[in-house]
Amino acid sequence: MRWGDMDAYGHVNNVEIVRILEEARVHAFGPPGGTGGPGLQPAVPLFSDVPPGTRSLVVEHRVRYVAELTYRNIPADVDVWISAVKGASLTLAYVIHDPVTGQACVRAETTLAFVDGATGALQRLTATQREMAAAHKGASVFA
Amino acid sequence: MRWGDMDAYGHVNNVEIVRILEEARVHAFGPPGGTGGPGLQPAVPLFSDVPPGTRSLVVEHRVRYVAELTYRNIPADVDVWISAVKGASLTLAYVIHDPVTGQACVRAETTLAFVDGATGALQRLTATQREMAAAHKGASVFA
Amino acid sequence: MRWGDMDAYGHVNNVEIVRILEEARVHAFGPPGGTGGPGLQPAVPLFSDVPPGTRSLVVEHRVRYVAELTYRNIPADVDVWISAVKGASLTLAYVIHDPVTGQACVRAETTLAFVDGATGALQRLTATQREMAAAHKGASVFA
Amino acid sequence: MRWGDMDAYGHVNNVEIVRILEEARVHAFGPPGGTGGPGLQPAVPLFSDVPPGTRSLVVEHRVRYVAELTYRNIPADVDVWISAVKGASLTLAYVIHDPVTGQACVRAETTLAFVDGATGALQRLTATQREMAAAHKGASVFA
């Protein structure tokens, strides 16, 4: 969490929570293909182990704010897993917990697709991506 | 749109689109209660004409990214209306259009609730809010 | 201004003020070269009328926060001009005013340089840029 | 660093660098008084060990961008120290390094003042704050 994530109500702003989801994805699965420089290789390089020029695009977000998230000067605890895999897209599920109280504050899902950066054509998931996704498969938070 | 809304892919970032939805709400219905200073009175003060101390909280976002939104140095065109009204919450629906091509790029809905800022108790919609909402009622974008 | 520009103190956050300066530059002089799509042609296309592949980079910001900026649901008033022109850089000066009270809240300067996006080589200002800059020349806010 | 800190040029945006400075301050000296919830007690609670109701306000930023900062999926290295102490304000100095190459990318200073949140009256630094500041005193980056 960043101090600037708070809004005028003094809690973490709903939009910044969507940014925190992005960071949780990046920490779990690596930075989107073709962006940034080498840093830490993620344990599960679902986003970064893609053909050169591939972009990962958000197709849909669904975010349910269960309780206000209080800003703390330590990272939020976020569980991330894969809740659905299709031929050319996958859905990530998350729960954000208050790192002090452990309370579940946000439940969310994001559907991503991979496209060719030059042509915009949808890319089917690679065999490697399907394996990684299968190893981290869990239930939907909205089931 | 702000130039800084673009990400490393050179289009408007998915998180900043959720910020644009917030701005669309604020422009249509006024700033959330108890924040900011007097500026322009919105035509439909659904958020600002609330008892003192009332906060409007986001309960759920659902955002579908239909097409990439290209940054332009002019405002995006956003249609906003009310798609559902319940006793203590209401749902806003939006479509964001590219202001140059007119293409629909994002369809989204946000459910809001009003709470007492001191106690956190859920507030039922006021008669005035129900009237305002009724006058701007339309279909769900996810129907 | 955006509602989300406020921080936990309920005023416009100091970092978001630097974002507002960016927007003021873009509105006055056009989007930085090679980014975004066609929208409104600015009256003074100092940033957008550059050789293809040119990037405008911030070399230095100096921002003095004279008074708290209250969020209003209308744009801030920002004066922007050029306070210095050198061979390969120029300095912009700004004053941000509260759009309701007219109070000067922020005085700032930004030094920009133009570089070749491929090689990173510094570009000298073009004759056209020097003319545009000369026509909007004024005093430093820190003199 | 957050992936979303990159702009359309694919490097960390100049405004987000000012946000990173804010985070560096908060990590070193604690969250500004009266905001957020308890988390980790910082080793040097210069901002959080203040009378209740005290706010820390940014008076001036000066930020020199020496080299482009490449996004990495690991934190940037930031050195922070105190470069000046006056009766009612103090100046922090920072150098941001690329965490992979070690290159110094940004040199910056921020002057802060402490005010009473209710009256806005400037607060003189407390004896404890002066001690903490003295123990972390260094040279200006702009000397």
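Structural remarks
By written order: A, B, C and D. Residues from 1 in each chain.
What we mean here is this: a residue touches a chain if its C-beta (ideal position, glycine included) is under 8 Å from a C-beta of that chain, and two chains touch if they have at least 3 such contacts.
From a predicted model like this one, the values you see are computed outputs, not experimental measurements.
Taking B-C and A-C together, the chain pair joined by more C-beta contacts is B-C. Averaging C-alpha coordinates per chain places the centre of subunit B 28 Å away from that of subunit C. Each chain gets a centre from the mean of its Cα atoms; for subunit A and subunit C, those two points are 33 Å apart. Residue positions 3-4, 6, 8, 10, 15, 19, 22, 32, 35-36, 71 of subunit A are each in touch with at least two other chains.
Viewed as a contact network, the protein chains are fully connected, with every chain touching every other. The part of subunit D that touches subunit B in the complex is made up of residues 3-4, 6-8, 10, 13, 15, 71. Those residues of subunit C that touch subunit D in the shared complex are 8-9, 14-15, 18-19, 22, 32, 35-36, 55, 57-65, 68, 117. Across the complex, subunit A meets subunit D through its residues 2-4, 6, 10, 19, 22-23, 26-27, 30-32, 35-40, 42, 70-74, 99-100.
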